[in-house]
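Consider the two complexes below, in which subunit A is the common component and subunit B and subunit C are the respective partners.
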Partner chain A sequence: MELLINSMPLLTKGVVTTLYLSAASIVLATVSGLVFALMQLYGGIVLRVLVETYLYIIRGVPLLVLLFAMYYAAPYAGLTIDAFTGGIIVIAVYFGAFMTEVFRGAILSVPEGQWEAGRAIGFVRSKILIHIIFQQALRVAAPPYINTCVAVIKGTSLVAIIGLADVTYIGKQIVERTLAPFEIFGFVAMIYFVICFLLSRLGSYLEKKFDYIN
Partner chain B sequence: MENAAIEIKSVSKWFGKNQVLKKVSTTVRHGEAVVIIGPSGSGKTTLLRCVNLLEEFQEGEILIDGEAMGYRIDKGRRVRRTEAEIARMRAQVGMVFQSYNLFPHMSILKNVALGPVKTLSLPRAEAVERATELLARVGLANKAQALPGELSGGQQQRVAIARALAMHPKAILFDEVTSALDPELVGEVLDVMRQLVQDGMTMMIVTHEMAFARAFADRIVFMADGEIIEQGSPEQIFENPESERLQAFLKRFKQGYQM
Partner chain C sequence: MDIPFLLRIGQTLSEGLYTTVLLSVLAITLSALWAIPLVVGLLAPSRILRGIVTSYIELVRNTPVLVQMFFIFFGSGSLGYPLSGFVTGLLAMVLQNGAYMAEIYRGGIQSVPVRQTEAGLAIGFTPARAFRLVVLPQALRKVIPPLSNQGVLIIKDTSLVATISVAEITFHARMMADRTAAVFEIFLVLAVLYIVLTAIFSGVMRIVEKQLRIR
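Our next item is the complex of A and B:
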């Protein structure tokens, strides 16, 4: 227990890194997911094929492999990138694919009659999306969106393998030094659990807030 | 043609190989209430939806107040209008749907005011005033802040009519607007429609409500198999049906449901 307290400063730094990685990746993945979903749905055949190719590739390759590729192979391709920025980009690109599917599914779930009613009052497609479809889609998107965010947070732990000092990496360093896996990893697991749990609670709150049916 | 709000000229439509509209031609004059009746699959709803281009049609022309809907003739070839042009023309023709299609995430006041604000660029205060007036006109002034989900089907449909009226349309299309309602709620919607007819609104109505058609239509169009078989005044259609098809159709209605 004393060990845990002594390790707190280090672990805290790790938690901050983890939170920063998660937040940045979530923001990037959300924005790109929204953009790609709209491209896939309304962008014409070229954009649609591009997005779908990206989706197929990402769904077929593990996140860890992508991280290794960025870290080890990128320098050969002439790209110099630090592990931190590269980590964010890779994680965002990876989960961006899932975000794309979340948003696309949510938009498609809104009944066709809503589009027709929008057309009947003289709206063009973009107006229908913004004023009529978007809020209805948000309600459907909320649960899988939060789930994907939780997956992002857990996914950031993989950067430990490319030497990035997130809370998992720091935990592992401390354990290797002190041979106290239970306290340290137990604590690390609890950190992830608390973050993810709070996020899920936020998700439930948002779901209720968007539920205009009641 | 002068004074025509809607002109349908030789319109044909195919779903794949199946021709669902066969060179259909008819006109709705300003202030006229035209009711289209016919068996299911006759193409009457499809025809209605072609008027505001919710359905595409491959041949023919539809003119809204003299302007060609959906397509222009450019050097003898059919060219599709831009999305903006089509939207502008759609705003001139209101539509009321069988399943109401109200926007569930906003109050009924906002449902009615949305079109005027975003399409007609009315100032918010004016649009709200207009919406309040219209909701009063359809008998729902006290529910202005309610969400559609809190209302009955008949109430929702009346909101839908108010929403169409808010756009000051040249004509309103009614697509079987009472077919999804419980019988006791049908009357309140037909009351609003009767009032509109009497106020001189140009209306194109697809319905199975024969009594309403008989009492309030200026003209009735009978369709079957994608064609107009017969059209005329309610007296002509109901008292003196000429075609066998129409006679058979009316007979079934008079007999009602037979076990």
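Our next item is the complex of A and C:
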């Protein structure tokens, strides 16, 4: 217990880093997922092929490999991005692919009749998309979207391997000095659990709320 | 692009290929098996049992597999019974993915309409027989695609054991990247290896899916 109390200032720093990484990656991944989904669905053949190639590559390559590639190759490419920004970009690119699938599936789940109804009352394509399709797609996308956000938060733990001081990295540093792996890693796991669990609860709460309006 | 050079990198990396493939196959198989008692618990009439299994699933699904690996790896060492990196990675991945697969099984079983079970009972099957002969075959077809997705994620997750010094392909790539300047080529070949492995697995699962389809 005393060990945990003494480690608290360091671990808190790590938690802040983890939260910051997660938030930045989620925002970036959401935006790129949405853009890629629209490109894949309505962007014509060239953009569709590009997006599908990106999805295919991400589906087959581990996040850790992408992080290592960034970490080792960026300096050779003459890119001077710090590991932190690089980490956010790689995580966002990786989970952006999962977000793309989520949004694409949700948009496709809206029945064709909704498009026809929109055209019948004289809406242009973009207006149908924003006012009719997105509203309904949102409800379908919400649960898998929250799951993907949880995956992003868990995924940020991998930056510890390339030396970013998130809560996993700091936990490992403390364990190396104190030799108390159960307490420290148990506590680190609990931190992730609380964050992710609260997020899932928030997700199911929002889902119910939307359902009620419906 | 220097093809012979890439092939040489591939050769060096493939020293870890056996470990990656073995770990993937074991993790996928054992996860799929471990998920069976879990889904039985999830669908059990006993509320206590359901509660225990649900808590377990929530716990492992909301914590990173990397932290679980560190917990088991360094924890077992401090107890005086150090587990190898391979066993640790396998254990962590089975604990985590078993939980995901149990949810997939549950989804598959619950997707079969209750009418089907009732029809089975109506022609004189016992509940167990109705489940085995009516519900299970239909549920099995439904779970193959999501199981295949989960399997792909497992194959990708095997790269994490490189951090607890298991000499699989990512570990070898990192060693090479530390020693040479050919980092682009190394990670390109590594990425291609993973894409090939996952593509082979999804291909096999698609064949299984086709074989199970009702003709």
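What we mean here is this: the second predicted complex is superposed on the first by the 211 of 214 C-alpha atoms of A that agree within 3 Å, B and C clash if a C-alpha of one lies under 4 Å from a C-alpha of the other, contacts with A are read in each partner's own complex, and residues count from 1 in each chain.
We adopt the following convention: contacts are C-beta pairs under 8 Å (C-beta built on N, C-alpha and C of every residue); 3 or more make two chains touch, one makes a residue touch a chain.
In this text, all values refer to a predicted model and were calculated from it rather than measured experimentally.
Participant: In the overlay, work out which of subunit B or subunit C sits against more residues of subunit A.
Facilitator: Residues of subunit A touched, subunit B against subunit C: more for C.
Participant: For A:Gly122 in the superposed arrangement: first (subunit B), second (subunit C), both or neither?
Facilitator: first
Participant: Classify the contacts of A:His131 with the two partner chains as first (subunit B alone), second (subunit C alone), both, or neither.
Facilitator: Touch status of A:His131: first partner only.
Participant: Considering only touches as defined above, state whether A:Pro62 meets subunit B (first), subunit C (second), both or neither.
Facilitator: It touches subunit C, and subunit B stays clear.
Participant: So, A:Gly113: does it touch subunit B (first), subunit C (second), both, or neither?
Facilitator: The first partner, subunit B, only.
Participant: Could you tell me which stretches of subunit A are touched by subunit B in one complex and by subunit C in the other?
Facilitator: Touching subunit B in the first complex and subunit C in the second, no residue of subunit A appears in both lists.
Participant: Where on subunit B does subunit A make contact in their complex?
Facilitator: Spelled out, the residues of subunit B in touch with subunit A are 52, 54, 83-84, 87-88, 90-95, 97, 99, 101-105, 114-115, 118-120, 147, 149, 163-164, 167.
Participant: Under the touch definition given earlier, write down the residues of subunit A that touch subunit C in their complex.
Facilitator: 56-57, 59-66, 68-69, 72-73, 76-77, 150, 154-155, 157-158, 160-161, 168, 171-172, 175, 179-182, 185-186, 188-189, 192-193, 196-197, 200
Participant: Give the list of subunit A residues in touch with subunit B in this complex.
Facilitator: 111, 113-114, 116-117, 119-125, 127, 131-132, 135-136, 212-214
Participant: Subunit A touches which residues of subunit C in the complex?
Facilitator: Residues in contact with subunit A: 58-59, 61-68, 70-71, 74-75, 77-78, 152, 156-160, 162-163, 170, 173-174, 177, 181, 183-184, 186-187, 190-191, 194-199.
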